[in-house]
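Note that chain A is present in both complexes that follow, paired respectively with chain B and with chain C.
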Partner chain A sequence: MKAFSNVHPAVCMTYFLSVLLVSMFVPHPVLQAEVLFGGALFCALLGGRRASFRDLGFYVPLFLMVAVTNPLFSHNGVTPLFFLNGNPVTLEAILCGISIAVTVIGVLLWCKCYSFIMTSDKFLYLFGKPIPKLSLVLSMALRFIPVYIRQSRRVSRAQKAMGLYSGKSIVDRVKNRMRVLTAMISWSLENAMETSASMKARGYGGKKRTSFFPFRFRTSDGVLLAGTIVLLAVTLAGAAAGVTDFNFYPRVGVIGNSSAAVAVYAAFGALCLLPSALEVKEAVTWNYFVSRI
Partner chain B sequence: MELFRVEDLSFRYPMAEKDAVSHADFSLESGEFAVLCGPSGCGKSTLLRLLKKETAPVGDKTGRIIYGGEADVPADAGRIGFVGQNPESQIVTDKVWHELAFGLENLGVPACVIRRRVGEMANFFGIQDWFRQRTDELSGGQKQLLNLASVMVMQPELLILDEPTGQLDPIAASDFIAALRKINLELGLTVLLAEHRLEEVFPIADRVLLMEGGRILLNDCPRNIGPRLSKLDPSHPMLPAMPSAVRIWQGTDVGGECPMTVREGRDFLKRNFKSRAKSLSLPEYKHDDAVFVEMKNVWFRYGRDLPDILRGVSAKVYRGELFCILGGNGAGKTTALNVIAGLERPYRGRVNIGGKPIKEYKGGELYRRNLAFLPQDPETVFAHDNVRADMLEILETLEIPKRERDERIEKTAGELGVSHLLDRHPYDLSGGEMQKCALAKVILSEPKLLLLDEPTKGLDAWAKHGLSEILNGLKDRGLTIICVTHDIEFAAEAADRCALFFDGEFISEDTPERFFAENSFYTTAANRMARELWSNAVTCGQVIECCLSAGGKT
Partner chain C sequence: MLLIGGGKNMKKLISRAIFWILIPAVVLCGALIFPAKQYAFITLCVTALSCVPFFLRFERGEADTKRLVLIAVMTALSVLGRILFTPIPGFKPVTAMAVITAMYFGAEAGFMTGALSAVISNFYFGQGPWTPFQMLSWGLLGLFAGLLSEKLKRSRVLLSVYAVISGALYSVVMDVWTVLWADGAFNASRYAALLLSALPFTAIYAVSNVVFLLIFAKPIGKTLDRLKTKYGI
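Showing the complex of A and B:
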């Protein structure tokens, strides 16, 4: 179990929203670099070394593609480097493209971490609690989908083994899909009937429902939440005060180095590294315990 | 103290011609473990469902049920717990903890109480290790245990179970029955269980209710059931379903107290037959010269980084024999069958069918007039809304002329005894009926090789016997049959040869008598009783035959 998985869902959600909000709406090279670095580090810690290397094969080409697209279509900027089909390719557009690519990859990495940490039950806890019926329906749907997929594989395998699935022509294939589908409809109805009987037998549809979730808000969650809010507040205050304003066009701006700017960089950097630090701390404590045993 | 009493209860479904339950009269004491048994379709399920308000079927009901002094079944869903047969479809939510909490949420119990009760039950059933897992990733046995636990959190006074082990393998089924016994002994809960695995439940039950044709035929303690049943009718269809010890006792006809367990059965045999022990003479094993299926050094795994499931499997199956593959759960038996069926491709080694490598069968050729495969869940075979339409579809792919089709269907259906079911919807059939219809459908393709995956799952003793006769008939027509099963008793009765699959290969294969005689645990109950006297007597019939030839009582 990863350290951040044990954090209360509300704190997780607040955290992820803070990082994503800033990374999408405050375009500043330093902050973008921090998003990318923090996201990559956290992702690597969650997924392990092997998965991270495999992912490089996806993210590097995507990065290049996004970075190259911008200068091809945007010809703003005052420093033309060369001409392509009579159109200027400018230094500003290239840098802006790289900046966009960094943001896109950074956000993607954070979304990946999000899906790893915020499992369906945590999501249901946050958004289903006010509406218990909805949370039950979502939970049932989340169960039904994998069960349905598995059953439809079984059906298509059984049909194939009866020679009904030669798969030569397209007409044949469509017909077979239809056959599996009709079989699945009967199965789903039958299954739903049994499930509803089981629900009724356990008192569904009677009194007002309560909902139970196995999550607790601990002191450490409070500390983490407070930390997130403070760091986010500093970053947003800086952004509102114009410390993080940055433009690529018409000429690449200057990265501020006033003390206010440095404070914003530090605060947001700390925010991005928070979960990774938590993971590392957990690992270190664990090793310390092991060495003491 | 009496928990409930059923008085002259009759029930008839709308449009039905006769009563599903007729004049049932019985009562259950608080804390009793009662077993309800009877052939499929005898009204067990209907009777059980009538005992709980939320599951009671719609129809004509006469007579009454007095529950805890009140004149009707209680309206409070929590007081009576119900667990059905299908482990999968009873689960409602996506996470184990949510499923456990579901019933209490419905009753409006506050979250802090739910936390305590769920924790307590998870602990009692040993669920804590998979408490946060997804429900669709559990094994069948775990799913059924979860269904039981999620009923138990509601703290019922009575637990009703309708064939809960029908879809489980023998090990999971024993675990489940052990959990029921634990509930009954440690929590003092009253249990009413419909079951066809009588071998395991007879020794632990306080009372057995035997139903036939909607009536309660016998209501007695388990030890008296066998003797009373054989006195009533020595060829009663429920006798083959009795535990092996009871069947041997009845078949040898020496009287005395009826044994129920393997230990008692062994004592009974030693007491009565010890001095005239003889070995059972068996006909010599003969097989056809032609090898029909051959696996040569077959290796298989599901993914590059996953472990090998088949590790150099080699086997020969001769024409016209029934070859049973036995083995534990997850041993790879089903995978081996799928490889023979051409549904999975081995990464090394060869599979020949009818002397020709499986790769050389092109398109659907393998599945037309060569090989038929009956999967574990027979419902996956059907795609139409009546059995006849499903069968016609097969004949269409075989390009059989239209006028011959009906005749062929009638003929095959007649052979398998399913003619009366042809116009029914597949999902309206009972487990045994659906199995037979599915078998009829796959053998319409005129296969030379029939592959069966767990064909006895969910069948009662009577239906199993019927299946083994059908398979014998098919064998006489020259079909080669390979059958994967957990069911030792079935393999002993039906197989020509048995093979044990373990650690990715066949570790032993022989005729059932020699195969089981060599094993000391992995063998039939009858053999465990008789092995010290006649080591190669494997089925109840063979033990009885030995006893009779030994000349009755010493």
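Showing the complex of A and C:
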């Protein structure tokens, strides 16, 4: 269990939305570097060392592809490095490409952390109250999927036993899966009618339904929420005031170092490192107590 | 999101508020706070917000357990299909399932199946800025199929044409946003490059839609029709 998984879902959601909002829509080199660093650190803490190395094989080529191809789409800028097919490849376009690549990868990393932390039960807890019918459909569908996966394995094994092996070719594989899916469809639809009859028999739709969720809003959640909101507000105020405006064209801009700019960098940097700090603190506490026993 | 409990009037009020307050607010925020990426910000937010009225309308409707369970089953089946076919990239039955649901149970059920499949399958495949776009495009594909249901049931040619168009639609829509996000404005050459590099996937989407619809529309339709008469949906 990770420390950030124990945080209240509403706080988690607010946190991830805040980070993603700024990282997607405020293109400033310092903030982007903070997004990438914070995201990579948090991802590594959540996923472990081996998974992080595996991911590098995906992110590094993606980074190069986005960064290197940008000059093909953009010939703005005043510092041509060389000419390609008669079009100038400018320093500005390359730097802008790197900035885009950093943002894309930063956002992907944070989305990965989001998927790790915000599991479907937390999602249902957050959105279940205002939309009871929809959340019932959602939770039923989520429940059906593992059941169906199990059943489709059974169907597939039965078909294999009947001699319906699938070869390596794509057509063969598609055919095999199609057979399984067809069998699943009639089975699941018949089953569904029984479910709905049973729901009706137990009085669905009569009264308001209650549900159980093991989430409690603790004081620490309140502190975390307040911290997130304050840090986000500082960053957004800076963005609205134009502190984080940064241009690559026609000439690469200067990274501001006024006190307002530094405050925004610090606030957003703190926001990005918040969950990693929490994980580290948890790990330290854990090891401290383990060594005492 | 912000509403807790609330009666039918409350939900109607919120549906209206989305159009008259939230969308203008998003546009204003985009222009004021995120000038460099305002178009991407506005597009993403408006896409997400435009799903909400459909969901609220579904909430307001009658609670018929059979319909609810059916939508859940069709959603689960389309997610299962996406999982079963993971070894073949881009080969997804989600659109087909939304279209079939819409053909037999109406436009609203089609929208719900498409949109919910997007949310749920992304619990398995990873959420991201693409989720709202998937929700809206799969949902709308279901919705339109529901409006055309009689014609789609009669003609397999029309069904195939619909399948091909819907396969292309998703890349076309999503790449507009990618360009707006990367460049801050619409950059035609990047858009063309993205469409071109996505072409193999777009082709697989289109082919898989045709394959799934042609293979499954009849048998699932038969089962659904039988359920309709047997259980009186």
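We take it that the second predicted complex is superposed on the first by the 260 of 293 C-alpha atoms of A that agree within 3 Å, B and C clash if a C-alpha of one lies under 4 Å from a C-alpha of the other, contacts with A are read in each partner's own complex, and residues count from 1 in each chain.
By our rule, a contact is a pair of C-beta atoms (placed from the backbone, for glycine too) under 8 Å apart; a residue touches a chain by one contact, two chains touch by 3 or more.
Predicted model, so just to flag it, every value in this text is computed and none were measured.
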Partner chain(s) touched by A:115 [first = chain B, second = chain C, both, neither]: second
Superposition-derived comparison: chain B or chain C, residues of chain A touched: C
Partner chain(s) touched by A:204 [first = chain B, second = chain C, both, neither]: both
First (chain B), second (chain C), both or neither touched by A:140: both
Which of chain B and chain C A:240 touches, first, second, both or neither: second
Touching partner for A:195 - first (chain B), second (chain C), both, neither: both
Contacts of A:131 with chain B and chain C, given as first, second, both or neither: second
First (chain B), second (chain C), both or neither touched by A:183: first
Which superposed partner A:254 touches (first chain B, second chain C, both, neither): neither
Contacts of A:150 with chain B and chain C, given as first, second, both or neither: first
Touching both chain B and chain C, residues of chain A: 120, 132, 136, 140, 142, 180, 182, 186, 190-191, 195, 199-200, 204-205
Footprint of chain A on chain C - complex, ascending: 1-6, 30, 32-37, 40-41, 44, 55-56, 58-59, 61, 63, 65-66, 68-73, 75-77, 79-81, 83-85, 87-88, 91, 93, 112, 116, 119-120, 122-123, 126-129, 181-184, 187, 189-190, 193, 211, 215-216, 219-220, 223-224, 227, 230-231
Residues of chain A defined as touching chain B within the complex: 120-121, 132, 136, 139-140, 142-143, 146-147, 150-151, 154-155, 157-168, 179-180, 182-183, 186-187, 190-191, 194-195, 197-214
Chain A to chain C touching residues, read off their complex: 20, 24-27, 66, 69, 72-74, 100, 104, 107-108, 111-112, 114-115, 118-120, 123, 127, 129-134, 136-138, 140-142, 144-145, 148-149, 152, 170, 173-174, 177-178, 180-182, 184-186, 188-193, 195-196, 199-200, 204-205, 236, 239-240, 245-246
Footprint of chain A on chain B - complex, ascending: 52, 54-55, 76-78, 81-82, 84, 86, 88-95, 97-98, 101-111, 114-115, 118, 131-132, 134-136, 147, 150-151, 154, 341-343, 363-364, 366-368, 371-373, 375, 377, 379-385, 393-394, 397-398, 425-427, 441-442, 445
